[in-house]
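You will see two complexes here that share subunit A, one where it goes with subunit B and one where it goes with subunit C.
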Partner chain A sequence: MKKRLIIPITSLLALLAAFGIGALIILANGDSPVQAYGALLRGAFGSPRGIASTLSSATPLIFTGLGVAVAFKAGMANIGAEGQLYMGGMAAAVVALFVPAPSIILIPLSLLAAFVIGGLYGAIPAVLKVKTNTNEVVTTLMLNYIAKSFTSFLVNYPLKAPGSPLGQTNNILDAAKLPILFKGSRFNIGFIVAVLAAVAVAVMYRRSVMGYEMRVQGENKLFASYVGIDVNKRLTQGMFIGGGLAGLGGAVLVMGIQYKFVQGISPGYGFDGLTIALMAAFNAIAVIPIAILFGALRSGGLTMEMNTAVPSELGVVIQAVVILFMAARAPLSKKVSDYLDYRSTRRETGKTPPDPLKKAEEGGAV
Partner chain B sequence: MNVLTVLFSAATFAATLRMAVPLLFVALGGVLTKRAGIENIGLEGLMLIGCFSGFAANYFTSNWIVGILAAMAVTVLFALLFGLFVVQIRSHEIVAGTAMNVMGSALTTYLLRSMFGVKGSFTDERVRTIPNISLPVIKDIPVLGTVLSGQSILFWVSLAATAIIIFMLYRTKLGFYIRAAGENEKALASAGVNVKKVRYIALIMHGMLIGLGGIYLSTGYLTQYVEDMTAGRGFIAMAAYAFGMARPGRTFFAVLLFAFVQALSSRLQIFGVPSYFADMIPYAITILVLAVTSYREMKRERV
Partner chain C sequence: MSENIYAVEMEDICKSFGAVRANRNINFRVLKGEIHAIVGENGAGKTTLMNILFGALQPTSGRIRINGQEVTMSSPNKAIRLGIGMVHQHFELVPSFTVAENIMLGHESAGKFGAVDKAEIYRHAKELAEESGLKIDPYAKVGTLSVGLRQRVEILKALSCGAQILILDEPTAVLTPNESDELFEVLRRMSAQGKTIILITHKLKEVMAVADHITVLRQGETCGTLEKAKTNHMELAALMMGKSAAFSPLEKTGTTGEALLRVDHITARDSSRLEKLKNVTFDVHAGQILTIAGVEGNGQTELVSALLGFLPVASGSITALGTDITKLPVKDRRNYCSYIPEDRMTTGLDLAGSVHDNLIAGLHNRPEWRKGAFIDYAKTGRHVDSLIDAYAIKTDGSGIAASSLSGGNQQKIVVAREMNFGTKILIVSQPSRGVDIGATRFIHEQIIRMRNEGCAILLISTDLDEVFALSDEIKVIFEGSIVGTLSPDAVTPQELGLYMTGAKKMEGVSGTQEGGAA
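Up next is the complex of A and B:
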């Protein structure tokens, strides 16, 4: 077994196990897992329309997954993607509501606004970490709620659509709506932008000095500062880009799905982004298929609910189990990889090195 | 009618105490694990699990005591599940905590629909409310009576819990072990103490407290279960113990402060002032306080 296979194999195992646990829950509910999962699959991939809806659900998830991945690679445990999404989505909405311009200008401008505002919001915890050594876990988490309350205020007061009973803005200008790729659905060019963004992130890590240094300082700050990398700058840049990507997730919700900013616009896409980024082991390209899978859980869940007695929330339960397994993966796969090292050392040298399992017990892992 | 007399009336203070109860339980739970060296960002999810399971048990037995006990027991189970990953497997605690939050929200919504066939909110006459205590003598004293008399039993339990935890943490061997597990786990291990066991004990108490915080919402504060009814209280509790530097006394005051802000904001809504800014206050102050204290610590370490 090769070491590089550990991540895909464990991801697959975690997924299978989670669906297994989901099946048990369905059985406990008195339904047939085969029927329920069949309906889920049919709903998500069974028709062109289903596929379009799966891909449109996946679009914001690709962005938040990328946003979390970039931040983690820069060494920031970013659990603030939800808040960055809200701020970015609001920025896109404001531009898309009030700037009278043709699509060719308005769409990029709205996306840019989302990226910059999401990025600046993401940079706050980075600056706090760099300047005051404040732990980013608590700050990113708290900033989620500030962003939610702030945007709720805006859509209920200054930006409220007149006469609407709900907290929401007016519809955005037609020119700002993302062009639809499949008639009769909301599958739009946002998906293509998301895929391009993933490619851009991958290229950034391979080809640019900024990407390289960002990654190196994320892995080992001490080493990075020895070789002359400006650690603080790269960390802040990483959080800015991560926040910006999550902000774009908000923009595609506003400009491609809702056509307005609705209070509580995201049902936890930012937290889904964390799961996706972890499963992808922070690899930008791997984010895409995993986000599609999560999109399928959401869009297929509705079909499952209509055709069987199983509530669509089962998809989220499965997701929670996947996250738990992902939490266990890093330490467990470290043990596996240590064991593989141990075996190959023994084979090559004929000597027996210290038992890695005992060592891992004492050392602990990420 | 003077705005200030409405805002700073006895009713506002009574409301402050009512809002403080769930926050206090959950924040104290967070204090224990934090001191034992575990950061659980899954407080919100665990609280929701306690809130729902206790309500369901109360529904099936029409007994509020069974409801409270069930809430505590089920929350402890999930806290131990969290512990299995964080203490045993040494998983990333942020990821495991996120899993708890997602799980709490998904599982309770799923079960609400599959067990009771309802969406949104659920109430039934079979569910018994946790009684309030009317204090003799005190209830006739003007302001004090309104504030203290008629509070839930769990209000008094939460005060007792605060006192017990302060005593336990600073005056008993177990408390010493818990603090050592957080500050220097190697030293504790080399003194022959089983660190994992200490952490599991902290997690059990953590689960009990959070279960109490959850059940207070669905059968104390209200007698109704509403989807995601914790509504961010788990995170406010987290803010409170972060603000309180994981010290129970300081956390207690942080909880009172945040609860007062909430009570004030719901009063201000009477005058048409939106609550959104008040909603942000606990988070904003916590970020500010964390930044200032971290900065001071950083300076001190450099010197």
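Up next is the complex of A and C:
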């Protein structure tokens, strides 16, 4: 086994373990895990409609996953994708509500607004960090509440749809709705934009001067400054791009799913983005399949609920368990890596050193 | 049982860190009351072995006997109970506490109601200092003491715990030559009093000066224990390096040319407005190694920061290749100066980054290495491959993380990058700091090669051997001022030491003496 495979393999183990624990919960409720998971799979991937629904659920998750990944690579622990999503979504909604223009202009303009506003919102913690050395974990987390409350205020007062009992805006202009890719679903071009964004991020990091500098300063600021990298600038840019991508997550919700800004528009996509980015080890391309998996849990969960007695909340349970196991991944990876060393030592010397890792072997995925 | 003559016996000690086997079947015995030196290159496993003896690390396998008794060294506390004390390379003292408070920290004698009995602490500290002959004022605040005295506090602290076996990890790394001599005097006295001293070092001169027996480690294995009287420099060096390592002085060729780096009366203050550089002036010429010698903390860090653009100068100017760079940002200055930092592992390398990314850092934003907004990876890839080749960097391709390379190869990355920056000015800080003989020699050779090729080299060093081995001219820095301009041929180490400690000064030396070349 190669060491570079440790991260994907431990991620997969975490996922399998989560499904295993989910199965235990289903069993404890007196249901059949096989049936429940069968329904989940069928719902998520069993039909073109199911696949469309899965991919459309995955779209905002790709954006928030990217938003978190980019920021982390630039050395910023961005826990604020949720807030950036809200601000970006609101910016897209405002443009999509009030700018009378043809689709060809309105859609890019709305997306741009979402990117810029989400990005600026994301840049706030970066500026605070640069100017006052404030811990970004705290600021990004707190800014989530501000964004959520601020957008709630907007949809309940100045932007409230007249006559609506709920806190929501009017429907956006038709020209701003993202074109549907699969009839009868809301699977739209937002997904393609998300995939392109992931590719763009990957290219930025692997090829561009900006990406190189962002990465290097994210890994070692002292070193970066000595080789002439403007650390503060790159760190802020990283957060701006990260916030912008999360903001696009809000835009695709508004322009592709809801067609309006609804109070509490995101059921935690920003936080899911954090899990996804961690599982992907901040690799932009890896974000895509993992986001699709999370989308499948959401879309397949509904089918499972309809066809079995297992509630769709099981998907949330599985996600939560995945997060727990992901947190355990770092020590687990170390144990796996230690074990590989142990094996190679044994092979090279022919001696058997006392196995320091018996527990890791017995514990398996755990 | 009869009296055992060995204070410490370590048998078949093995220790692995992941894939790295730091200690392999090490056998190591120390006689009671002797000074025993452990020498070896960096990464030879010296510190690991001592951390195992001190209980800070657990061996993968092997046995330890203290005074003939087999023990499991489960923690430093256990080691201390067994009479072992360790003085670390980096002191673990509270600067705002007095000497006595530091010495007694952790085992203060409790007075009434559990309060610390201050009088007792000072009495005990005084007693200890007198007994051991380590003279020190117990009432002085540690923060105000010199490095040498702080080390004394560390030793006293170990003794106050009842240490009979004292481990010193590279104790002279931070000392001036005179302080080192004093330390050796102290060690000899302690050994005469029956204490056992284990000295970790890679400076052979010290070993020959003070040790009774010498154990040489190489690549995690014992290469033998020698008696001082029956060995010499050459034999030790050969054992350490694993090959016959004759110290042939590198030849300097070529002539000194025009001044490439001119530092003109610069003054700089740190963030707390303290003046750290006072009217510093010097020129570095093409084909010259100018050394700024001095005891650490006399403005060397600030000088480098000012040259590279991290510390703004309050007055004066810096000129590189005829261009005034005083106001330029770091990025632009790097087009004139390459820099090998003292702390190569954190300042010189991005350990999480790939070998490739480390080797192109700083070059990456120069137009010739770019294609618009993108790095020309085809070109940088070729450059990186040629550097890996030329410097024989042992790596499994250029894509793997720098952290997975050995320490010596990591050092080579820094040297390879900075010496191929295409600049005519090279600033090198403490090239031999934390580096073994092999790597030091490599870096020294490269510095002389650059000099012979006509580069202007500014060397910052606190190591006298290095200063004499490399310098064409020496400037001594003391408390932010240049206090002497010396020629390495016309000054003795002792005299240089006097300048470095501020005991001697030249009058009116802030100007350069080589006006003719400019």
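Assorted remarks:
In the analysis below, the second predicted complex is superposed on the first by the 334 of 366 C-alpha atoms of A that agree within 3 Å, B and C clash if a C-alpha of one lies under 4 Å from a C-alpha of the other, contacts with A are read in each partner's own complex, and residues count from 1 in each chain.
FYI, a residue touches a chain if its C-beta (ideal position, glycine included) is under 8 Å from a C-beta of that chain, and two chains touch if they have at least 3 such contacts.
Please read all numbers here as calculations on a predicted model, not as lab measurements.
Of the two partner chains placed by the overlay, only subunit C lies in contact with A:Glu219; subunit B stays clear of it. More residues of subunit A are in touch with B than with the other of subunit B and subunit C.
Within the superposed three-chain model, A:Leu41 lies out of touch with both subunit B and subunit C [touch as defined at top]. In the superposed model, A:Leu324 lies in contact with subunit B only, and not with subunit C. Using the contact criterion defined above for the overlaid structures, shared-chain residue A:Ala202 touches neither subunit B nor subunit C, since it reaches no partner. The touching residues of subunit A, counted against subunit C in their complex, run 207-210, 212-213, 215-216, 219-220, 222-230, 337-338, 341-342, 344-345, 353-354, 356. Considering their complex, residues 14, 16, 18-19, 21, 60-61, 308, 310, 329-334, 339, 341, 346-353, 357, 361-362, 364-365, 370, 373-375, 377 of subunit C touch subunit A. Taken in their complex, subunit A has these residues touching subunit B: 25, 29, 77, 79, 128, 131-135, 137-139, 141-143, 145-146, 149-150, 152-153, 156-157, 268, 271, 274-275, 278, 309-311, 313-314, 316-317, 319-321, 323-324, 326-328, 330-332, 364-366. Across the complex, subunit A is touched by residues 39, 41, 81, 85, 89-92, 94-96, 98-99, 101-103, 105-107, 109-110, 113-114, 232, 235, 238-239, 242, 274, 276-277, 279-280, 283-284, 286-287, 290-292, 294-295, 297-298 of subunit B.
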